[in-house]
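Labels A, B, C and D are assigned to the chains in the order they are written; within every chain, residues are numbered from 1.
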Amino acid sequence: MPKIRKVLVANRGEIAIRVMRTCKELGISTVAVYSEADRSALHVRTADQAYFVGPPPSRESYLVQERILEVAKKSGADAIHPGYGFLSENASFVRACEKAGITFIGPPASAMDAMGEKTRARANMIKAGVPVVPGSTEPFATEGEARDYAQKIGFPIMLKAAGGGGGKGMRRVESLQEFESAWRSAKSEALNAFGNDAVYIEKYLEKPHHVEIQVFADQYGNTIHLNERECSAQRRHQKVVEETPSPILTPELRAKMGEVAVKAAKAVNYVGAGTVEFLVDVHRNFYFLEMNTRLQVEHPVTEWVTGLDLVALQIRAAEGEKLPLLEAPTPNGHSIEVRVYAEDPSRNFMPSPGKITYLRVPGGPNVRDDSGVFPGFTVPNFYDPMISKLSVWAPTRAEAIARAQRALSEYVVKGITTNIRYLKALLAHPEFVGGDYDTSFLTRNHDALMGVEDPRLSEVALLASAVYAYNRDQKRAKTLPSAQGSGAGTGGVSPWRQALRNRR
Amino acid sequence: MPKIRKVLVANRGEIAIRVMRTCKELGISTVAVYSEADRSALHVRTADQAYFVGPPPSRESYLVQERILEVAKKSGADAIHPGYGFLSENASFVRACEKAGITFIGPPASAMDAMGEKTRARANMIKAGVPVVPGSTEPFATEGEARDYAQKIGFPIMLKAAGGGGGKGMRRVESLQEFESAWRSAKSEALNAFGNDAVYIEKYLEKPHHVEIQVFADQYGNTIHLNERECSAQRRHQKVVEETPSPILTPELRAKMGEVAVKAAKAVNYVGAGTVEFLVDVHRNFYFLEMNTRLQVEHPVTEWVTGLDLVALQIRAAEGEKLPLLEAPTPNGHSIEVRVYAEDPSRNFMPSPGKITYLRVPGGPNVRDDSGVFPGFTVPNFYDPMISKLSVWAPTRAEAIARAQRALSEYVVKGITTNIRYLKALLAHPEFVGGDYDTSFLTRNHDALMGVEDPRLSEVALLASAVYAYNRDQKRAKTLPSAQGSGAGTGGVSPWRQALRNRR
Amino acid sequence: MRYFTKQQGQKEAVPVDLESLGNDRYRLTVNGKTFQVDALALEHGTMSMLVDGQSYSVEFEENGDEVGVLVRGQVTRVDVADERRLRLRAATAGFSVEGKQLITAPMPGKVVKVLVKVGDEVKEGQGLVVVEAMKMENELKSPKAGKVTELFAKEGTAVENNAKLVVVE
Amino acid sequence: MRYFTKQQGQKEAVPVDLESLGNDRYRLTVNGKTFQVDALALEHGTMSMLVDGQSYSVEFEENGDEVGVLVRGQVTRVDVADERRLRLRAATAGFSVEGKQLITAPMPGKVVKVLVKVGDEVKEGQGLVVVEAMKMENELKSPKAGKVTELFAKEGTAVENNAKLVVVE
């Protein structure tokens, strides 16, 4: 396959810039696409070429396959990098690229089909011998059958309504004694809620961790894993902090999970970068959750401890090169990533789009800022609220936490509200510092993570605010030179304006 | 020795901030000192405490030992980190700290004494068996003696006037045949220039490289080296770009030079971080040049390839901890540092102090910016023109060069002139890319490094400038609403001002 | 010069007495304590403040009458005014906490659902309007029990930050 | 609208014709070539310029009559003016290249040495004044052969950027 010379990056924000940086280092030209809301965005200026693709809503611009392909042709791009989100896991887009003779930097459509839909993926994984959360795929005809099944997989279990979701018809059952009454109430609740009393059973996982394995494959069937990422710090299934190595993994468990992840990827003839997500329970059993058939947001932590450039590897794999390594490198040191969101934690994490009036990013040793914004940029209203990913490296986890704290303390964003203070509280929380935090960590500790007020700092703030007000008043007095003499006679209207009025 | 709890950083600019960052990560409080010219400097705001130490000239502030020690006492600092420059290699200051009961984070005064003065250092090294540039330390009585000596050390040699410097009385002698006439003319030139015809001989080094070895020692005599840094890209003995590993070193030569550097450090009972500088000639012989008894500007490249934090190591050594490693780690990948100076290469590198009106620093994978400035800061006139050090890491040298280029292309500094474009030309120069560049590289290629104009970009600049002028004129027209109607009648005086004048 | 500083969420304003000593130096008195302060205002709403040798890098952000003050990772929202302004502000405060309440858009976004109509009785905490921004829906709730007297929000329309949505009385 | 753009170091001004098409779009003609340009001005003197799909991030820096234009690592210094300003500028150009020459401080600094006095004959390239900044001494040389007619520089004094130092005639 020929070398890629020009890449269209079918994305926006930090990930578009991330991909373009590697392209630039590889001597590959880049093409940006932008919606009406992104004309002023940084990825437009970072690229060598840039084309408009439609109105702000992504379904009218970034998700319109024909527009993207049209730009690829017009600009002479020979490959498309989809980033994450948008068209990155869209098998029909992969087929359209193929038809247009443009290299899609990602897995083949068939692998996406096999992993795209959750129940299909689950079935495929069971077939391949990959452990999934134990449970019945079909509802039960009688209570007896159900009870036998529950005993077989072992308590605690979950009863789940086949017909719906949202917590309705769900019952956690601790032991055989509780089974009968739970069964009855689950069925009646399911009937009331969904008009369907079918109920199935899944194993209840205690304090699960979200641990994912990065996999990588070339076009010749060579498939390796690149160790894990611990992503249990989640809020509403949104990852907030990620790290590697996982503090709960032993080398043995890492090897075992890595092996299973490679098995999963091979089962679908995977090519390129992918991530196999697992739940790990309190007994350190692990179960397949889903596979993300693309680059992950949190790939920088893997890059820190392996020294690899995953985007460069993706491009090389798409060019038909063989994998440059045959097994996972032993993780070197520790890396933590925190996601900086334009949101206000104190107002229920309400999004906070708007204009960034001032921005200062952290520097110094082993700090990486993957940002998609700049001072003067108005964070648009239409897309993901993540404005940057800050990641750090250090020899040990404790040092990495200290470094992340230091870096966050240097991060200043003005004009919009961000979660920086929340991230600091998160990293300081004893449960996080301890390392064994599960997926309910953030929800359980919501109040503690809101932070406590230091009265000494509040007093300093009052002093500062008085000086601020004084300076403001002095400046106003200066801009209104005559106001000092004449007093408040003009009723707050500046004499400049007054003068102008008089002239009209 | 007790743990250090509070460090006074007796320095300014990027190195003060560098040291404070590590202190913060270690949970150590920091104290800044500042001159009148540095009240608004970043290191003042980065520290937990800050004290004024005098007028702008450093000899009246940063170099006044009593002031620094007074601040240390007042603030409760138990240790002083000197950074580089200023008091960092001042043995009398080390003794004063000792007397005041304050830990000096650096080598003992005796080691500074032994290495501080060049001829004394040279004599000490000869005694220790460290190779120095071969030469006579004393002038010769007769031409015969001189010729014999020249033959002994081998041609080419340099004749140097003992009485002076500045190139006067210096003669390079290629062979025995040339010796007699060169000897005569050197002696007469020396007599004319300095009233003293004494001449001595030094071996002439062809195309020398400046290669230095980082050494580290604890208080118990454990001394190791941490590999080399190639620093041959120099202008007027000022380093501009540094890298590690050196492209000209073999593992064998590295081991040999490292061994000699350790020997040099042990000879003076060194403690802490130090650097032994060597000249390496075209035959890969190496000769002791001098030892810097402090942290070097270019230490980040060593940190990149070793994963160590040299400032943290310095603090640990000062606390009396043992070295955490017993030999040099094998260099991991490649690192390059470029120094961003406030200077104008096109005007003979004239310093360019002034106000930084806009600043955008590079981000993304494996880029480190050690900066001492911020947007809105006025780079003062009194100190070193270096405003930042940009360093990168990559698995290979070629990738590191590409990454440094990419990072430099993201660096935007407005308000003052910098050498960023010069640095890009330097990294792109075939001799640099080839790797075997000696200390005359920058001088020899001065014109090529000024860059050539791309006419296509100049045309784009003309287009852009027209739009700029148009926007400027439109904005002016808007601020002066009545001007549009009345035309140029007011002769360039804004109608606002006019209005004001009328009122007076 | 006396300033009144009211922290968000606190009822009472704390007086701070300020005397300018020139050269960015001030004598400040708060809670009966007097401080000598060296406070250098930098660009972009940054201030370097030295109080008894302690160094504070302060970031200010003005937001209406309030100024957000960021010091060592802590944000304090302060309403600071001199006596004259304090009186003025009290006079123009159209919507007091007890009387009618104006609900405004907390961010630019799109009104995706209006849950009430004029005349509806609402409970405290009841949802009034759903605004979407950045792919997330945010339900705005009534701050008090009362009656919807005005309704500006329209489903499907874009709204700016602080746009009026509903009045509950 | 016609602008005259004169690049530093070049003698002739190049005319650029600009027609605003609204919405940050322009039709620009230079050297006989016409371009459709989408040029969005951002804050801090930054501009995003799209020309036939090519994306240029442009940084401007105004310095007196000249504007420095940074595009893809290249800085071009351009003096850009409309016809009226061009004429005005020609009229007020007090120090032409041929006539008397004013030597100004190229940076803020300190005059450490004055090498000439009023009335001295100087050669082209001869040192006139030494200014120190950032621990480096910089000798300012005469741009032409001539006579020192005015001398503002005084040893030991601080000078601002662009301060008048010497006139050579």
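Here is the rule we use: a residue touches a chain if its C-beta (ideal position, glycine included) is under 8 Å from a C-beta of that chain, and two chains touch if they have at least 3 such contacts.
Everything numeric in this text was worked out from a predicted model, so none of it was measured.
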Worksheet item: Does B-C or A-C have more contacting C-beta pairs?
Response: A-C
Response to the item:
With centres defined as the mean of Cα atoms, the chain at greatest distance from subunit B is chain C
Fill in: Distance between the centres, which are taken as Cα means, of subunit D and subunit C, whole angstrom
47
Discussion item. Centroid of subunit B to centroid of subunit D, CA atoms only: how many Å?
Written reply: 31
Discussion item. Can you list every residue of subunit C that touches 2 or more other chains, as numbers and ranges?
Written reply: 44, 46
Discussion item. If a residue has to touch 2 or more other chains to count, which residues of subunit A qualify?
Written reply: 375, 409
Response to the item:
Seen from subunit B, its contact residues with subunit D in the complex are 342, 347-348, 350-354, 357-358, 381-385, 408-409, 412, 414-415, 421, 424, 451, 453-454, 457-471, 473, 488
Worksheet item: Which residues, counting only subunit C, touch subunit A once they are in their complex?
Response: 1, 3, 5, 7, 14, 16, 18, 20, 26, 28, 30-31, 35, 37, 39, 41, 44-47, 49, 51, 56, 58-61, 67, 69-76, 78, 80-82, 106-110, 133-136, 138, 161
Worksheet item: For subunit A, which residues count as touching subunit D in their complex?
Response: 32, 39-40, 44-51, 74-75, 375-377
Discussion item. Under the stated contact criterion, what part of subunit C meets subunit B in this complex?
Written reply: 40, 42-44, 46, 48, 50, 53-55, 57
Worksheet item: subunit A touches which residues of subunit B in the complex?
Response: 17-18, 21-22, 24-27, 300, 303, 307, 309, 332-333, 360-361, 363-371, 374-375, 395, 399, 402-403, 405-406, 409, 482, 495-496, 499-500, 502-503
